[in-house]
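Some notes on the structure that comes next.
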């Protein structure tokens, strides 16, 4: 698996898109910090970008890489290598290089700006951690989609749809159900609904840092327990991990049964 | 060497292999023939484990290949379509495959033989179809595995390369290897094959030497014999 | 006027001649072993010096103008029996005592130091611990409560008292006190012309500072942090609140400051940081908010009910989850030339003022008011989209509520 990871990683590191992605974040980091000169504002803007853009890039990149490396995959399949290793290796290659682009692209400007001396360091590292998680999750989901769909166009469509659903539509439905059922106690429901969408989950994780003042304004005991203590942080991180592991597990399972 | 029992494979509703039985002994060149869609590639891919059969068993040297992957160390495979990761250079691809297989190899000899030296530092995406096929050949012939599976090895080759390929195949045979070949070029098959395996409707329709085939179909050349075989009522 | 001062001078000279103020010493091994005894034998304007030691006393009645000074913080232990010092005379100074164990009662408000109907008192450098009420001023004017430290251990509101309480008292200065862990840090009721300056009131059960029916008061440069509900200013007129800091008041009904029925106040130079609600405003009119900083609050300003002709200018709104929240569509308040960190407009003519107005009320804050659970959707793309559409054509939020001249740079 590590050999495949190595080759996928090298392959991606040398591809134009990784550079574009990396440079985009680098530029973004510099613009946000050095034009604005305001770490708090930069962190908020970054949050918006991370919870929307990172899943999108992860999804599209994942699907693209999967379909584009079909030949590579077939070449490997005839070699004495375990199937799951091939896909895991490729997955980790993509997710790893994307995460690296993100962490380095944003990390470098922030370090140069002096984030280590700022008290925003925790917010910032949390951002990077959730960003990395989202990359892992959405790349895994996109690999799942592409391994289940021979048709490239279809796979691509599903992947974009998945992103759109998670990023926008889900929250719309969520909001509507909250408003429709507002007569009922909804705090448990709303927390559970958050858990079922990795984007919402990451957002919640960041809210815990950025907007704790507002979150504590709500009366529900479950909310208080969740947001007021470390429960929220641990539960969210745990669920994010689950969100990462489950698609990977399904990927290896499907990869064992698939014909090429 | 290879024993296949009652192999079934469907792709959706499309039945490709239906109860295929086949035994291939050690050593010699076996040509797997059959009309388009008869299941040649599916059979080969089943042996390689790239296609997972619905039912049936495949044994390689007496051991089942199901869920295994280490047995592929005994197989060298030349895929039908030579598509490679375009970002890699030829040299890197060869190095990578060597790295993955961790076996002794003789790629230099093959590279000279197919005059690939000028392309070693080129990216695979820039190569022509024929050159890619040469690289493909180098990759599949550079190891010394007892079983060699060649899926349409002649595609895109110029005459000189074709002669080289034939020479190579014969050399490997001399070493006592078992070689499975699919091809549409009957002349090529006639020249090198020891035995013909003819696939039709997902089953083995005929298996035997070229001579046997000719006597059975009462034809004088392979091409006609193959064309006639489907209409011959008797089969093995 | 001159005549009066001359008269006072003569009077004091006369007093000086007739009776030299003397020092009365109290200590554990002295002749006088209790403060009560010392007060009894002391003459008016004497100084009682209490040496270091522990004095188990309560119901100490100070009924003549005296100065009681503790040396090295003598401990006066009330043993939870009731009130400890009661001042019923003018011109009393209490300085440097360490008072503990004030009795708790459900029927009377026992205090560590109570001043009743007296004037010109000074209470300073006193440390109070394990108390019920701390310093209680009752109908007492022209006094000073200076540099005291009040550390309570209040757990429940119903059996705890306030740190410094003023009731029908006027012209009092409350300065540089530290009040912690009591019910209300500083409480004012029917007390006018009070100056509350540079106090630190933290970790109190209910309010750091609580005003009721008190007019013409000034409070400046105080720090209020992590109080149960923040600071409440209610039913009062012409209050000046300047340079205070309100921090970390978190919770369901917590705010930096609650304004209820407050008219004609001036609120400037304050900092509201990390509160669930920065300022909660109910039925308050003609208030000028200027040069305040609202930083990382849940809601910087929440406006409930009728609030008219308030002006908000030159304030910084920085990284609040919501800048302004309204519960009605009506707006009669003016927002002008504030800095909003959420502002995304531009300044083409480079005059430091954004060319596009800023709308501080988001549709989402309206939704959260109606369905509080929706707060979990804060900062989601979906919310941004509907906020944007509301911004383009306001339907649910007051359409005239905008800052037409948003600043491009922070107000310093």
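A, B and C label the chains in the order they appear, each numbered from 1.
Heads up, the rule we're going with is that contacts are C-beta pairs under 8 Å (C-beta built on N, C-alpha and C of every residue); 3 or more make two chains touch, one makes a residue touch a chain.
From a predicted model like this one, the values you see are computed outputs, not experimental measurements.
**Student:** What topology does the chain touch graph have (line, ring, star, complete, other)?
**Tutor:** line
**Student:** Please name the chain that ends up farthest from chain C once chain centres are defined by their CA atoms averaged.
**Tutor:** Measuring from the centre of chain C, the most distant chain centre belongs to B.
**Student:** Specify the chain with the shortest distance from its C-alpha centroid to the centroid of every protein C-alpha atom present.
**Tutor:** Nearest to the common C-alpha centre lies chain A.
**Student:** By number of C-beta pairs in contact, which chain pair leads?
**Tutor:** Chain pair with the maximum contact count: A-C.
**Student:** What whole-Å value do you get for the distance between chain A and chain B if each is reduced to the mean of its CA atoms?
**Tutor:** 43
**Student:** Roughly how far is chain A from chain C, going centre to centre by Cα mean, in whole Å?
**Tutor:** 46
**Student:** Counting in whole Å, what is the centre-to-centre distance of chain B and chain C, each centre being its mean C-alpha position?
**Tutor:** Roughly 89 Å, centre to centre.
**Student:** Mind listing the chain A positions that touch chain C in their complex?
**Tutor:** Counting only chain A, the residues touching chain C are 38, 40-41, 44, 47-48, 51-52, 167-169, 171-172, 174-175, 178-179, 182, 186-187, 189-191, 194, 199-200, 203-204, 206-207, 210-220, 223.
**Student:** Spell out the part of chain B that touches chain A in their complex, as residue ranges.
**Tutor:** Touch list, chain B to chain A: 11, 45, 48-52, 67, 69-73, 75, 77, 79, 81, 83-85, 87-88, 96-97, 99-101.
**Student:** Within their complex, state which residues of chain A touch chain B.
**Tutor:** 3, 7, 11, 14-15, 69-72, 74-83, 256-260
**Student:** Under the touch definition given earlier, write down the residues of chain C that touch chain A in their complex.
**Tutor:** Residue list for chain C touching chain A: 250-252, 254, 274-277, 296-299, 318-319, 321-322, 341, 367, 370-385.
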